[in-house]
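Chain nomenclature is as follows: A, B and C, assigned in order of appearance, with residue numbering initiated at 1 for each chain independently.
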Amino acid sequence: MAFRFGVPIRRLARAAGALALALAAAAAGAQGVTVFAAASLTNAFEEIAQAYRAQGGSPVKFSFAASSTLAKQIESGASADIFAAADEQWMDYLAGRKLIEPATRSSRLGNTLVLITPASGRRPVDIKPGFDLAGMIGNGKLVTGDPAHVPVGRYAQQALTKLGVWDAVAPKIARTDNVRAALLLVERGEAPFGIVYGTDAAASGKVDVAGAFPADSHPPVSYPFAIVAKRNRPEVKRFFEFLYGPEAQAAYRRAGFSFR
Amino acid sequence: MDPGSAAAVAAPAVADARQSAPMLEVAVRKQLGSFRLDAAFRTDSHGLTALFGRSGAGKTSIVAAIAGLLRPDEGRIVADGEVLYDPERGIDVPAERRRIGYIFQDARLFPHLSVADNLRYGWKRAPAGDRPISFDAIVDLLGIGHLLERRPRRLSGGEKQRVAIGRALLAQPRMLLMDEPLASLDAERKSEILPYVERLRDELRILIVYVSHAVEEVVRLANTVVLVDDGRVVAQGTPESLSHRLDLRPLLGRFEAGAVVDARVAAHDDARQITRLEFGGQTLILPRLDLAPGARLRVRIRSRDVILAVERPTALSAQNVLSGWIAEIAREEGPYAEVKVDFGAGAILARITNDSVNRLALVPGKAVYAVIKSVAIDGHAVSAAPLDLD
Amino acid sequence: MLTDAELQALWLTFKVSARGVLFALPFAIACAWLLARRRFPGKTLFDGVVHLPLVMPPVVVGYLLLVLFGVKGLLGQPLNDWFGIRLVFTAAGASLAIAVTTFPLMVRAIRLSIEAIDVGLEDAARTLGARPLDRFLTITLPLMLPGVLAGAVMAFSAGLGEFGAVITFVSNIPGETQTLPLAIYTATQTPGGEGAAARLALLSIALALAGLILSEHLARHLKRMLGH
């Protein structure tokens, strides 16, 4: 065996080669999947990822925030594999910039839009055109996502406009940067009213649903999923399919989403 | 500093303000790290009491305790009949209520106030209606009228100290503490300030405790000297009496050792340009002094400037040949010896070699002559002596 | 150049930051003085707590404010029940968020300036008959003024940019709590809002720079006036 500085060369070279191969395999294989998802999907997705792991699937990392925030981050090059938005507009935003794999885009989840109050036994509100929401809010605030960019806020604005009460209510709106922050403020009793998704209200034990917005008052709440451009590795595709699989569907229904 | 100036007119008014003779009684014990302070002294009348000793002897700690800026472990401090500190009776008057003026070595004028506002700082906090020391009188006394609108950073060292003195006085203190006020000044500034301290002593008649490690200052200013060494009071007495104690010489400074003599101007001789001084029945001749006949003054005669003779020498240039006897001889380990020559009502010291002591067979009691050059008598130490104390 | 909404955000930001700093100032001076001049048990812990907002994520600070000062909070409940004061969704709440997050900056600057004051001056004041509060007002406070001012202006500048704590505690209400950072954030998230975002961001930078320069200038000027 050839020695150099007292070290067996060929044996070292073989060991180094084996190590390199193993690392490459690891890199290519179980790298983990990164999912950027709308805040309202938090509970359901975490449950689904646990089930996936239990079945032997790769670890999944999540970043939950407003769809607007996430879309902007992906646009700036954030390292996401899958994007799950809470409205079509933000998916359109990325699609228009060729930042998603168009063939993978589909929307099968739906949600309801509800008016909530702190859990204090307030009586239900009849949501119909012209209802005096502004009067009910009084000197307080109505909390929801920022209508300028957060999906839940957009839906809220559309619904309130359709019902003819937007102009009266708009000055009383407190904007948060995602739906879960709005939920938190109503849970803590800071505001008499909030507008969030039905699934959020169901997940929280500290708010009451005063009423649901009629489905025709706003565009259907739709959750488009897509794989981010150039990210369709086998393990990403596997988890993406799992997101529409039977275990996932059960999780969605448990949370209160509708599934097509 | 003209005795006929406005200040002299103001002085009697200020002097009247000092009603009774204040008394100061100090006993301080404190452990400061590895240094133990255990000093006690009292002074029964106003006038200037000097705390004299080496750096680090504990002098500043003692005055800080008197002022209330340092709390002793044990002791007792009484000023002017009022108990300021007595832990056994649970008394510890806070510094701000002791009414003791303090002049720091670094003046400590408030940089954000003008000289006038600095001066008035203590004045505003003294009880209204009981402010015998007036602003104008002090400004005149210290000659700081032209500085009133200035900021402290535009004053020289000597000007700062004068303002500091004025500020302390205008707080209507019952006594003054001066902590090495001249230490950070050069010789010229020192001689500029010393007369002002003398005026405080003589015209305001306010009790002053004056900390210094400089012999010239102490000789010139002190009525009483408290000698401090290693945290303890080693001796207390007038400068004259202490200067004669051979056992204290190590503490009084080897090279500056000498006798302090309390003398009086007898006469001047303008033709010969000399002045005759009288002390204890002896006569000293000096180059012409600018003092009025009858003026009292203190003179320091360095022991190394004194020659001894067992026979009266003649035809010498030295003007002074004093006749007395040997009171005491202190032989040192090296070649030197210090000899105290007594004249009955006065004494001086002579520093000669042990060899000469042997050669001349000097013993206590022996009659000798002390020869002193007139020019050797320390001109800087010539000053108006402190006035008689009541 | 700027739209009405943007001008509104600018003016609101000024007011909210200034009020927050002014509110926090006496507390900051007190804490700085304690840390600079006093020894007491638990001083290190106290120092740590004072500096917490500097090292905690701003959103966490906002959340803690919510827990403490919300209507169900430890301090918020009595404030609401006894005085009718609510802080969430209000400009006052935004001021509080800014006061808390910039507090450590103020304390640091003021503490440094107190420590720079010669204690000997306070001793001198004592011998002239000044009692503790008197000394503080006539000697310590004037001499630490440069530091106080520098700290306040720096905190004001930092407050102009505070985002996480404000949006979490008081949310985003134009005219009420939508400060410049919140407006910039909204603009960046809104499609087509890049232009507005860029304008506002530049404005923000200019204001922050101006604040820092002013703070330096003031401090130096005051120092000279006070004889340093």
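The rule is short, and it goes like this: a contact is a pair of C-beta atoms (placed from the backbone, for glycine too) under 8 Å apart; a residue touches a chain by one contact, two chains touch by 3 or more.
None of the values given here were measured: they were computed from a predicted structure.
Of all chains displayed, C has the C-alpha centre closest to the centre of the whole protein C-alpha set.
The most distant chain from subunit C, with centres taken as the mean of CA atoms, is B. Subunit B and subunit C have Cα centroids separated by 56 Å. Separating the CA-averaged centres of subunit A and subunit B is a span of 89 Å. Chain centres here are Cα means. That of subunit A falls 36 Å from that of subunit C. Chain contact summary for the complex, subunit C toward subunit B: residues 118, 120-121, 123-131, 134, 138-139, 142-143, 225-228.
Across the interface of their complex, subunit A is touched by residues 66, 70-72, 88-89, 167-168, 171-173, 185-186, 188-191, 193 of subunit C. Residue ranges of subunit A in contact with subunit C, taken from their complex: 66, 68-69, 72, 93, 141, 143, 146, 148-150, 173-177, 181, 184-185, 188-191. Interface residues of subunit B facing subunit C in the complex, by the touch rule stated above, are 67-69, 94-102, 104, 106, 108, 110-112, 121-122, 125-126, 151-153, 167-168, 171.
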